[in-house]
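Shared between the two complexes below is chain A, which pairs with chain B and chain C, respectively.
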Partner chain A sequence: MFNAKVKSDVLKGIIDVTSPLVNEAKFNVTSKGISLRAVDPAHVAMVDLEIKSKAFEEYKADEMELGIDLDKFSGIMRLANSGDMISLEYDEDANRLIIKIGNLVRKMGLIDTAGMPDSKAPNLTLPAKIIIKASELSQGVRASEAVSDHLTLSVDKDTFELFAEGDTDTVHLKLPKDMLVELTTQGKHKSLFSIDYFSNMIKSVKGDDPITISMGTDNPIKVDFDFADKKGHVSYLLAPRIESD
Partner chain B sequence: MQTYNNNNQKHLFKEKKSTNTINQCGLCRGTKLLCGKDRCPVLVRFHAKAKAKPLLDTLHIGGASPPSVFIGRYGYPKVSIGPMIPPVMGDTSIIDTPELWLTKSLDEIVDFRSQLVRGKFAINITDVENSSNVVEYTRELALAKNPVYTDALFEKKPYGRIVFHDEIQPHGPSAPIKTLDITNPKYEQHIEKAYYDTDLRAKNAILDVYNDGVQISAIQRAFSVGAFGVKKHRRFVPTRWSITAVDSTIGAELMKQTKTAPYVNEVRIYTHNQYDNRWIILMTPSEWQYELIEAWYPNTTWNQYGNTISIFNSYEFYEGRTTYAEIGGCYYAARLAVNELLTKERRQAGVIVLREAHPGYIMPIGVWNVRECVRKALTQSCQKFDTLQEALVKVTEIMDIPLQRWINNSAVLKNQLYQRRLEEF
Partner chain C sequence: MGVDIGELFHKEPCSYTDFSGKIIAIDAHNVLHQFLSSIRQRDGTPLKDANGNITSHLSGLLYRTANLVEARIRPVYVFDGVPHPLKARTLAERRERKEQAERAWKEALEKGDIEKARSKAQQTSRVTKEIIHQSKELLAALGIPFVQAQSEGEAQASYMVKKGEAYAVGSQDFDCLLFGTPLLIRNLTSSGKRKLPNKKAYVDVNPEIIKLEPDLKTLDITREQLIDMAILIGTDFNEGVKGLGPKKSYQLIKKTKDLEHAIPTMNQTILPTSSEIAEIRNLFLKPTNTDDYCLSWSKPDNNKVLRILCDEHQFSRERIEPILEKFIVLETIQKQKNLFEF
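Take a look at the complex of A and B:
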């Protein structure tokens, strides 16, 4: 059983953080909320999403799985305006999700989740932690997009730096500790990442909202932030590029 | 995955700067006139050098059209359409069937293509149902299965010698057409079925006839005269565009299957040599990604004036690309060929097509060359390797250009070599 009412913005938030990585996703529903873990087809990035039942206006659910085609779902959500109340109901007999937007009833066929594997998160020790305002980070990433397809993130005890280098142009963003919300690290660390993936990960966070970055040297990066008024949480992992050969 | 494009264009830009006008040829190939001249100097040179055939001193030509038609692109949406007729009788079908040309030398191809006289009739692209004989017979030729006796009277004597294009097969002189007559053609049955189905969308028509085993060149011919599609959307499509439209449509459809298939089991290398072009098709066990890298030696078609090798690439990752490939139609032609093999084997792979064009490749002959050479390479048995590194060593044995230069110019190779996966941690 799954029966819920929620503001369209919360559902749009879920789509924004998952759809850059996967086209189809398996949502795990429990009485406490909904979660999802998915890896992109290239196995380079992982999204881990949790949204508490508190984020919903009404929420009643048993333990179950919903296999959702995100492109289709995103198309349906485009029918809703910001602030609209959406009602969701699982139709077990037809394996469909009944979505009500105002007087509109849209029944969406679900995907069989049997063939969708459970992804395992790697065990990582990431010694550096940075909390940064979304606007500061996205400015650096947007600048880097114009010059290269990968960027270097580095951190020591005083600064967090972002660096991108093309054939003729470079981008360098240097943020001292006092411009960050938080910086804790043991030693210096540096890793290289695909800008394309990285910018997709942070693009749904806006303004002064904090983004937490955990990183090491030539190790995956972990990007954490809250959404839906802190009732939802996203955690991304992104594998690095390693260019020494 | 679009940001990689930036990097790519940046590369091209840099090379362009360091060597002046040279390298823009590979991007333009006579179509965009990036050098700022009125006519492409490369193509003009070919035309000047082309064997001066005795000019046709007649207003009238009769012969067996292979069948062949040509839809021009100048003046779009008002373009020149018409048949192509060689002044000979008999089975001329090979003249417009590039699928059969790999056994021919460049000279032979130029020889038989230059016989084709192109009739021109100006018409709006949407006017496919025009009652003029020329429109009707041009369409009938495009649907025909076998050579058709065609008789044309021109306004003036056919002018010019042989015309070369990058994407299209060369053809001979042309003239405005006054009257046209043909004997009754026998239609290719699958194409005929799609032609009469005026509710069938063009994309589905292409896929249907392709699955029925119709050759690409025949599909493209019918597509160019507006024989496919929902009735009110039918229109003439310039030959150049129709070739890529067909390659890209079929390739995209096959790719859907490729993207859900299991990976190939090993790293593979397929090779082929043709017209002094060396081809390598490298397949890796990974999710679908594809790149075509072309290296032009000095004095080859699209590197006439340089004294360094110029390298061009276009690529896509799993998500596909949203913009037209920088290197043009050959990207889609090769993509079709590799997906044909992967679909047949029900496999998925990362595919990199490397092409080294050596000085023996002296003239543009059309993208069929790319499609058929890649197809040919893929019919031969492959060499298998456990790792990409071992396969790349093999690449250095076949190609003259150093491995590092290939890697530097390749987005997919860099991705394969440098991007780590989460399960490695």
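Take a look at the complex of A and C:
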């Protein structure tokens, strides 16, 4: 059984953080909430998402899996306005999710989750941790998009830096420790990342909301943030690129 | 060509996205032959430039490789080296069949039987030295690596997968399984449609993957036993035993364990000799391979590609230029690490 009522913004939040990586996802439903782990087809990035039952206005569920076509779901959610209450109900006999938006009833066929693999997260030791306001980080990333397809993140005990270089243009964002919410590191670290992936990961976080970055040298980066009034949490992993010739 | 053991294996449908970011070692001879047979006009005439030179292989290499690259697959083409002396008989037979098919094609054309003409024409395809040379030249210009095998291309491609450098072999040929590739992808460079022989109907051709280990486990045999079965069925290197197909050979080897025990139970006159058996087993189990190659993808040299395709072979510039853009992504994919490397 799965029966819930939730504000459309929470569902849109879930779609925003998962759909850039995968077209289909397996949502694990329990009585405590919903979680998901998905890896993009190129195995470059992974998303781990958790949303507590408290994020829902009403929530009743047994343990189950829901296989959702995110493109389809996203299209349905575009029918709802911000603040609309959405009712969700699992129809076991037809394997469909019944979505009610006001007087609109939309029944969405679910995907068989049997063939969808459970990915294991790689075991990483990431020695640097930075907590930064979303607006600061996204400014640097948006600037970098215009000059290159990859950016360099580096950190030492005093500063966190973002650098991107194209054929003629460069972007450099230098944030001293006192401009950050937190900076702890053992030594200097530097890694390169694809801007496409990175910008998709942080685009749903806005304004002063904090983003936690864990990184090392030529290692994947971990990006953590809360959503749905801190009742949901997202953790991304992104594999690095290697230095160009 | 190759050994007829396909029906014993489980073929799992798959799609390009399953191989995104992965390196696939493509059996060059196999795909070139496929391009030469299938990329033809309705009456069977291959694509030709203004001087009458065949260009089907160039068209195939460009468009089909572009499809792979667009799915972020990194292809490496593996070319055949010197054929094993035991293959001489197969090669001579193929030559003869092609000459027959060529005569039949001409006859059909004279009679105006377009259907038959095309089908016969497809059997005349020859991967000549010239075609191989032009293909390598085009791949180099496209920034796609290729490897020159010492002997069989399938052997070298399988070796690269076993070494962990490539994810799977792309070939139609089941021989790759005898050479021990853990994964074989078929229909990787097919067009998506294939005409049914002697019918006016087409079937969808989708990529499929064969996994060696799980299938050997299901069949409850070893790769050595699979090779013994292949020798009974007939390979590119021996004729096989009359009346023995995949099913009977499987049952026989399953019952008797190996050829040494299987052969005394048969009453045919023509049987593989023990020196032949030793030689073929060795060829599949310990082929001569090379480590002399570099797996590196670079941006295409647009001017060079345009010179080869448009200036030398009259391809249309407007059609080639947008295809070339698809190749730019390769350099980026190469530099991107994958999460499970950590």
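Keep in mind that, in the parts below, the second predicted complex is superposed on the first by the 243 of 245 C-alpha atoms of A that agree within 3 Å, B and C clash if a C-alpha of one lies under 4 Å from a C-alpha of the other, contacts with A are read in each partner's own complex, and residues count from 1 in each chain.
Going forward, contacts are C-beta pairs under 8 Å (C-beta built on N, C-alpha and C of every residue); 3 or more make two chains touch, one makes a residue touch a chain.
No experiment lies behind these values; they were computed from the predicted model shown.
Peer 1: Let's test your reading of the overlay: on chain A, do chain B and chain C clash or fit side by side?
Peer 2: Here the two partners, once superposed via chain A, clash with each other.
Peer 1: Just checking: does A:P220 make contact with chain B only, chain C only, both, or neither of them? Give me first, second, both or neither.
Peer 2: In the superposition, A:P220 touches chain B and chain C alike.
Peer 1: A:E145 contacts which: chain B (first), chain C (second), both, neither?
Peer 2: First partner only, chain B.
Peer 1: Which partner does A:A239 contact after superposing on A: first (chain B), second (chain C), both, neither?
Peer 2: So A:A239 meets both chain B and chain C here.
Peer 1: Quick check for you: in the superposed arrangement, does A:T168 touch first (chain B), second (chain C), both or neither?
Peer 2: first
Peer 1: Give the label of whichever partner, chain B or chain C, reaches more residues of chain A.
Peer 2: Comparing touch counts on chain A for chain B and chain C gives B.
Peer 1: Does the superposition put A:S199 against chain B (first), chain C (second), both, or neither?
Peer 2: The answer is first: A:S199 touches chain B but not chain C.
Peer 1: Contact-wise, after the overlay, does A:V39 reach chain B, chain C, both or neither (first, second, both, neither)?
Peer 2: In the superposition, A:V39 touches chain B and chain C alike.
Peer 1: Once the shared chain is lined up, is A:G102 touching chain B (first), chain C (second), both, or neither of them?
Peer 2: neither
Peer 1: Under the contact rule defined above, give the chain A residues that sit at the interface with chain B and also at the interface with chain C.
Peer 2: 39, 41-46, 122-124, 149, 194, 219-220, 237, 239-243
Peer 1: Can you tell me which positions in chain A touch chain C when the two form their complex?
Peer 2: The touching residues are 39, 41-46, 122-124, 149-150, 194, 219-220, 237-244.
Peer 1: Over in the complex, which chain B residues touch chain A? Could you list them?
Peer 2: My answer: residues 1-4, 6-7, 10-11, 14, 259, 286-287, 317-318, 411, 417-425.
Peer 1: Which residues of chain A touch chain B once you look at their complex with the stated criterion?
Peer 2: 39, 41-46, 122-124, 145-149, 166-168, 194-196, 199, 219-220, 237, 239-243, 245
Peer 1: Once bound in the complex, which stretches of chain C touch chain A?
Peer 2: Residue positions touching the partner: 17-18, 20-21, 72, 332-333, 335-342.
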